[in-house]
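In order of appearance the chains are A, B, C and D, and numbering begins at 1 in each one.
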Amino acid sequence: MHILVCDGTGCRSSQSGLISEMFRDELLRKGLKNEVQVIRTGCFGFCEKGPIVKILPDNTFYTQVRPEDTAEIIDEHIIKGRKVTRLLYLDPDTQEYVSDSKHMGFYKKQLRVALRNCGLIDPENIDEAIARDAYQALGKVLSEYTPEQTIDIIKRSGLRGRGGAGFPTGLKWEITGKNPADRKYVVCNADEGDPGAFMDRSILEGDPHSVLEAMAICGYCIGASNGLIYVRAEYPLAVKRLKVAIEQAHQYGLLGEHIFGTDFSFDIKLRYGAGAFVCGEETALIHSMEGKRGEPTNKPPFPSQSGYLGKPTNVNNVETFANVPVIILKGAEWFSSIGTEKSKGTKVFALAGKINNVGLIEVPMGTTLREIIFEIGGGIKNGKKFKAIQTGGPSGGCLTEKHLDTPIDYESLTAAGSMMGSGGMIVLDEDDCMVSVAKYYLGFIVEESCGKCAPCRIGNKRLYEILERITKGKAVPEDLDKLRNLCNVIRDTALCGLGQTSPNPVLSTLNNFIEEYEEHVFEKKCRSGQCHDLLYYVIDEEECTGCGACKRVCPVNAISGEKKQPHIIDQKICIKCGSCMEKCQFDAINLKNEYKSTTVSV
Amino acid sequence: MEMIKLTIDNKKIEVAEGTTILKAARQFGIDIPTLCHFELGDMGIENKPGGCRICVVEIEGRRNLAPSCITEVQEGMVVNTHNIRVINARRTVLELIISDHPFDCLVCAKSGQCELQHLATQLGIREIPYKGEQSTYRKDTSPSIIRDIDKCILCRRCEMMCNQVQTVGALSAINRGFMSVVAPAFEMNLEDSPCTYCGQCVSVCPTGALTEVDHTNDIIRALSDPSKTVIVQTAPAVRAALGEEFGMEPGTLVTGKLVAALRRLGFDYVFDTDFSADLTIMEEGTEFLNRIKRHMAGDTSVRLPILTSCCPGWVNFFEHNFPDLLDVPSTAKSPQQMFGAIAKTYFADKIGVNRNDLVVVSIMPCLAKKYECQRNEFKVNGNPDVDYSISTRELAAFIKLANIDFLDLPDEDFDDPLGESSGAGVIFGNTGGVIEAACRTAYELYTGKKLEKIEFEELRGLEGIRSATIDFDGLPLNIGIANGLGNARKLLDEVRAGTSNYHAIEIMACPGGCIGGGGQPYHHGNSEILRRRAAAIYTEDERKTIRKSHENPSIIRLYSEFLGEPGSKKSHCLLHTHYFPKSNEVTIHR
Amino acid sequence: MSTKTNTENHIANECPYNGSLPEVEVKIKLTADKIEKIDAICRSFDNDPGELINVLHETQSEFGYLPAEVQDVIAQNLRIPVAQVYGVVSFYSFFTMTPKGEHPISICLGTACYVRGSEKILEEFKKELKIEVGETTPDGKFSINCLRCVGACGLAPVVMVGERVFGRVSPEGVKQIIAEYNN
Amino acid sequence: MTEIKTLADLKKKQEEVKSRIDLRNKAENPEARVQVKVAMATCGIAAGAKKVMEYFVEELEKRNIDAIVTQTGCMGYCFAEPTVEVILPGKEAMVFGYVDNVRADEIIERYIKHGELVDGIIPQNYDTIEHEER
């Protein structure tokens, strides 16, 4: 028998270390040392209910175990074989105790559709992919369905673009299919540029064939025999695995001429990005593939009308494609049974930031942020307080406590002031300054703006400058109005989708954390202490001995005080050189994010 | 064509399918301001990157504002061009653009002609609420063009002109985001780039980012130096455009006033480049006939077609791009340089002035002429044949500076002996004019017959590439004409490939020829202005009594007194030149 | 002052171009084998201007960077203006015109790394090496640049030196990393 | 490799290769070998997965354990990279996190050889879609 004790950060901070020691002691005492092993495991992810203890082989999952419960578990469960019911998980819906974790809501929260083969097969071996049904959907489509029927399946499934905007995939295929041309293209957008997002890369690295197969299916539907994958050059491993996969698919005749003995031929070539976030925008991506500067152009015309080399082009992102083969094999109804009314299926997120279980997750649409953060993600790191979750990367926004029960789908995230984006999720805790976070994203946008349109090129620069003034304590009240007006105008007038959404990080923090902005502007205070310029050297009256060492070393004579009396620093004069703190032998001088007014009434 | 019904600013209108909102609005008298948008529609030149976002309008039911210059109308569309949301957005965008623009309007070469300035006035910008860092770059001065790209607003018109229209490829958008700007490769000097100085970038630049090098001050200095004799020549296209700068209707001929103004500015002699245009025809025409005759006699070493060489932008272009074809163009100098060479020899000797004390000024519709007159091969012991070349625009500013009431000036005549010209010299200003002038002379010299109809209508027009076959009394000659360097490239590629069946090709670097030159008054995208200038040139030709170069008495006298005959040794020394490969391509031996 | 007439002077001076033509400036300072390498890369993409970015990728991996001369040769092969090549090179952050250090240091500034303090790590590197982002130390040993997300968010903040990844880097650890490569 | 010309060909091929995956998933066969899968996506490699994989290959051979070591994509546990999944014949898959050579040695000696669990297990927290027939 095994006793697994969670040794994750969350559980450890609620004494899981002591719990495993007590188990060992108790087992020793009961003479069961050789029969029962105590194992410390990694985080179970269910930190909400920690500390977690799991008994194998019967898979009993105990929650919120306290050190004093260890004896009871051994006596009752290990020796007598009776489960300690009060420590089992109580299903909030059914009000029944659940002992096997597999039947618990939490573990059902993830469902891997797009990631179905990631971590399961050797991505460089096509046989393993075939063993997991790769290319069956393509075979089925080519031998049983017309393009129209296939498009109909995709349409009925409710699949929408996973790159962020959520355009219905089937409809896109249909439109591109209907535009007549001698040549058409299928493009896979694998230019995942969001800082802190790596969903697409994981699919390409873990299951490249799912994408290749889906592109061929798309090609069959729209009447294209050429596919292009635009992949970031910063993803060397994904590039390598794609090359291997394309090569192997060719050897099996699953790509190339007359696939499955039909008239359908399809080939896929790779094109590399070169470090430009804007190339995630489809018109910019197309220009980049043509060897040009990756600048977007106005839509219409849409790529479905005039895309790569002026030909109708269907652009979908990696995750969207990865869903397609499963939909064909399992049916539109199966897919549309997952998710919410308007957003079907699952979505992959890269969960990162101040969270215990950083990683790649895939959940059905409609899962709430709370479930993701506290159940799957295992809660906030180091037991800190949750402050916000940033979704959608630089185009998205920061959502707060009040949005935690929002079911995730395209519409509700947009309504809440953020967006689905490609799937980055960054969790922020109480130590994060929301103005600085907005500034971080604006810094990214300023660096990545292509420069073609004035609102994005200059407007975001000005936004950044205002945010910088705010974090440096140099802002004036009008700056807040300017921020808001600029955000609205940029959103209204920028040329491409990226420009139009670029003010979102500012707008969403302005809406949800206006008090932090106001503190910075009016009180020159950063509550999380992140803004260096808003930290102050303050003398602790209790600790100060009045030795005068600080006064002597201060280069601007900002320190005053009588001998043997607590000294005081005039913040209006202080240049924050730090010499006084270095000099003080009594640790009486500290950096603080606020200070008491130095005005003394005489 | 299908008609689309829509509503703009509560007006119900109907326009053809495919019309942009901007055009539809303008058709019905609604003015939507624009900035980056630029169109010479019928000449196939258009620039609508949709980048400045000034022309945004609200389309009901759409989330964002839409750029009216590229958004096509749709059935039932309801458009608001000036509601509060639009006005606020438009003003904010303009404030942003201005926040990254130097505030030196008082000393800017473009002041008063600046589209950004006009727009700021129009939208009532009174302060810049969004002050911040400005993007700054190195200022670059070439012989013809100054690039002060701190003033660049990234409308990309110059890039479009330089690449799509002229295929010169000297300029490209570079960098990214806030630091993006239009510049030559590696931000090198324009002088080191394949720039031809055609000046088309300058002629479309909405701000002072691209301007000509101004030589007015040098000329004022020369005029005020009593030891100098200062003479001036004016190119044909100047007289058809200068009036625009004084509020006259485009296409007004101001030859007489132009002469009078130059005289009042203090020039000692006012001459005409048309005179040396006639001279060019004599030399180039002779060379052409020679090549034809040798060709017909079976001489395979002779290169055909012959290419005209009077356009310095074009000369720079083929030196850069077709260094392998340097023996194809005529060796005749341009009229400006022929004038300079004759002025500083024949004329200087005539009036007994040392060439070093003779200052030759040219008034040109062109910026490449500034570079041309500085070329080493056009200097004798360091003294240039033409000292200064100023543009039509600079002359207008000069006249205003001198407080000359241009409109009130009497018509005056050019001085002798370098002021007399034929109608053939005048039409040099239009695309097709040089070759028409050449045909008038070559025909008569070749056939010995008198032309029945002087006008070769088949050689006229504004299309980029034209061709015609002229019957030289039983000898059909294939003539090609290109205006705009992109069109020239097409014909030159054929020559290079050996598939060209032309005997002679006229090439002008600027769209429309010299009337559309880089130094002409700004047309701000109105191609009607070009058409009127062209018509004015042909009118001037018609008014002339002498319309063939070889009949110009001053030309006849020049040959009899001085040069001998066309193509003589003296003519060659003074009036012909060589070309130099300026390949921007790799010249390493492989 | 000569007593000759202007005309005689002009003719005596002859036309300077009647002599030998001036040498055309050789702009390219690359050795023949390097040019051959670039030619081969361009050829492998059929000298297709649409393949410019792929050509630049291959060339950069060959030379480590894309100096002006190299871009000139590429422009010639693909028959496009070099300004256009430069326009593309200067647009994409992956392309560089300065050689990287022997040990190129890349600090991830992806969001996950950012919220876990990668800015401080960057500052520390800049302070220690006394260079700015995009620069190389005078001895050519180190260069600093930033990148966005290597996908090792679980190890944030992340620093890459060459191909090697250092995870969970602290400001104090910076000196150690540099020291490791400084011997 | 033979070309796959029809859907039937593909299904035949799948039957041939299926066992490899089945072994990995169910491992019903007591004769089946030990499977070690190392997550080799960028995050894993960044954390040293390559070395760990090499270590497993070499050590398992040295210690005469009949095992298959394969690479696989990201399992999603980026916080615990390098991660290794070990499937003993007839047992459920076990994922170990933070695997270095020391831990790998422990996994081989204690878990693979003797079936004893060792510290560092990561509970698998997702479901993968499976086809009805399986």
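Here is the rule we go by: a contact is a pair of C-beta atoms (placed from the backbone, for glycine too) under 8 Å apart; a residue touches a chain by one contact, two chains touch by 3 or more.
Owing to the predicted nature of the structure, the values given are computational and were not obtained by experimental measurement.
S.K.: Quick check on the contact graph: shortest path length from chain C to chain D, in steps?
M.R.: So the least number of steps between the two chains is 1.
S.K.: Using C-alpha centroids, which chain lies at the maximum separation from chain C?
M.R.: So the chain farthest away from chain C turns out to be D.
S.K.: Using CA atom means as chain centres, which chain is nearest the centre of all the protein shown?
M.R.: C
S.K.: If you average the CA atoms of chain B and of chain C, how far apart do the two points sit, in angstrom?
M.R.: Taking the average C-alpha coordinate of chain B and of chain C, the gap between them is 37 Å.
S.K.: Quick one: report the Å distance separating chain A from chain C, using the average Cα coordinate of each chain.
M.R.: So the centre of chain A lies 32 Å away from the centre of chain C.
S.K.: Using mean C-alpha positions as chain centres, tell me how far chain B is from chain D in Å, no decimals.
M.R.: From the centre of chain B to the centre of chain D is 73 Å.
S.K.: Using CA atom averages as chain centres, what separation in Å is found between chain A and chain D?
M.R.: Each chain's C-alpha centroid was found; their separation is 27 Å.
S.K.: When you check chain D against every other chain, which residues touch at least two of them?
M.R.: Residue numbers touching two or more other chains: 41-43, 45, 77-80.
S.K.: Among the residues of chain C, which are close enough to touch at least two other chains?
M.R.: Residue numbers touching two or more other chains: 87, 91, 93, 150-151, 153-154.
S.K.: If you look at chain A, which of its residues touch at least two other chains?
M.R.: Each of 198, 201-202, 235, 276, 293, 352, 358-359, 450 in chain A touches at least two other chains.
S.K.: Who touches whom among the chains?
M.R.: A-B, A-C, A-D, B-C, C-D
S.K.: For chain A, which residues are in contact with chain B within the complex?
M.R.: 276, 293, 295, 297-298, 300, 446-455, 457-459, 461-462, 465, 482, 485-486, 489, 491-495, 500
S.K.: Spell out the part of chain A that touches chain C in their complex, as residue ranges.
M.R.: Residues 193-198, 201-202, 233-235, 271-277, 288-294, 309, 350, 352-354, 358-359, 390, 393, 424, 426, 428, 432, 437, 440-441, 444, 450.
S.K.: What part of chain C is in contact with chain A in the complex they form?
M.R.: Result: residues 48-54, 56-57, 87-88, 91-95, 109-116, 147-151, 153-154, 156 of chain C touch chain A.
S.K.: Note which residues of chain C are touching chain D in the complex, please.
M.R.: Those residues of chain C that touch chain D are 150-155, 158, 165, 167.
S.K.: Considering only the defined contacts, which chain B positions touch chain A in the complex?
M.R.: Within the complex, chain B touches chain A at residues 49-53, 56, 64-65, 67, 70-72, 85, 88-89, 92-93, 96-97, 99-100, 129-130, 132-133, 153-154, 173, 175-180.
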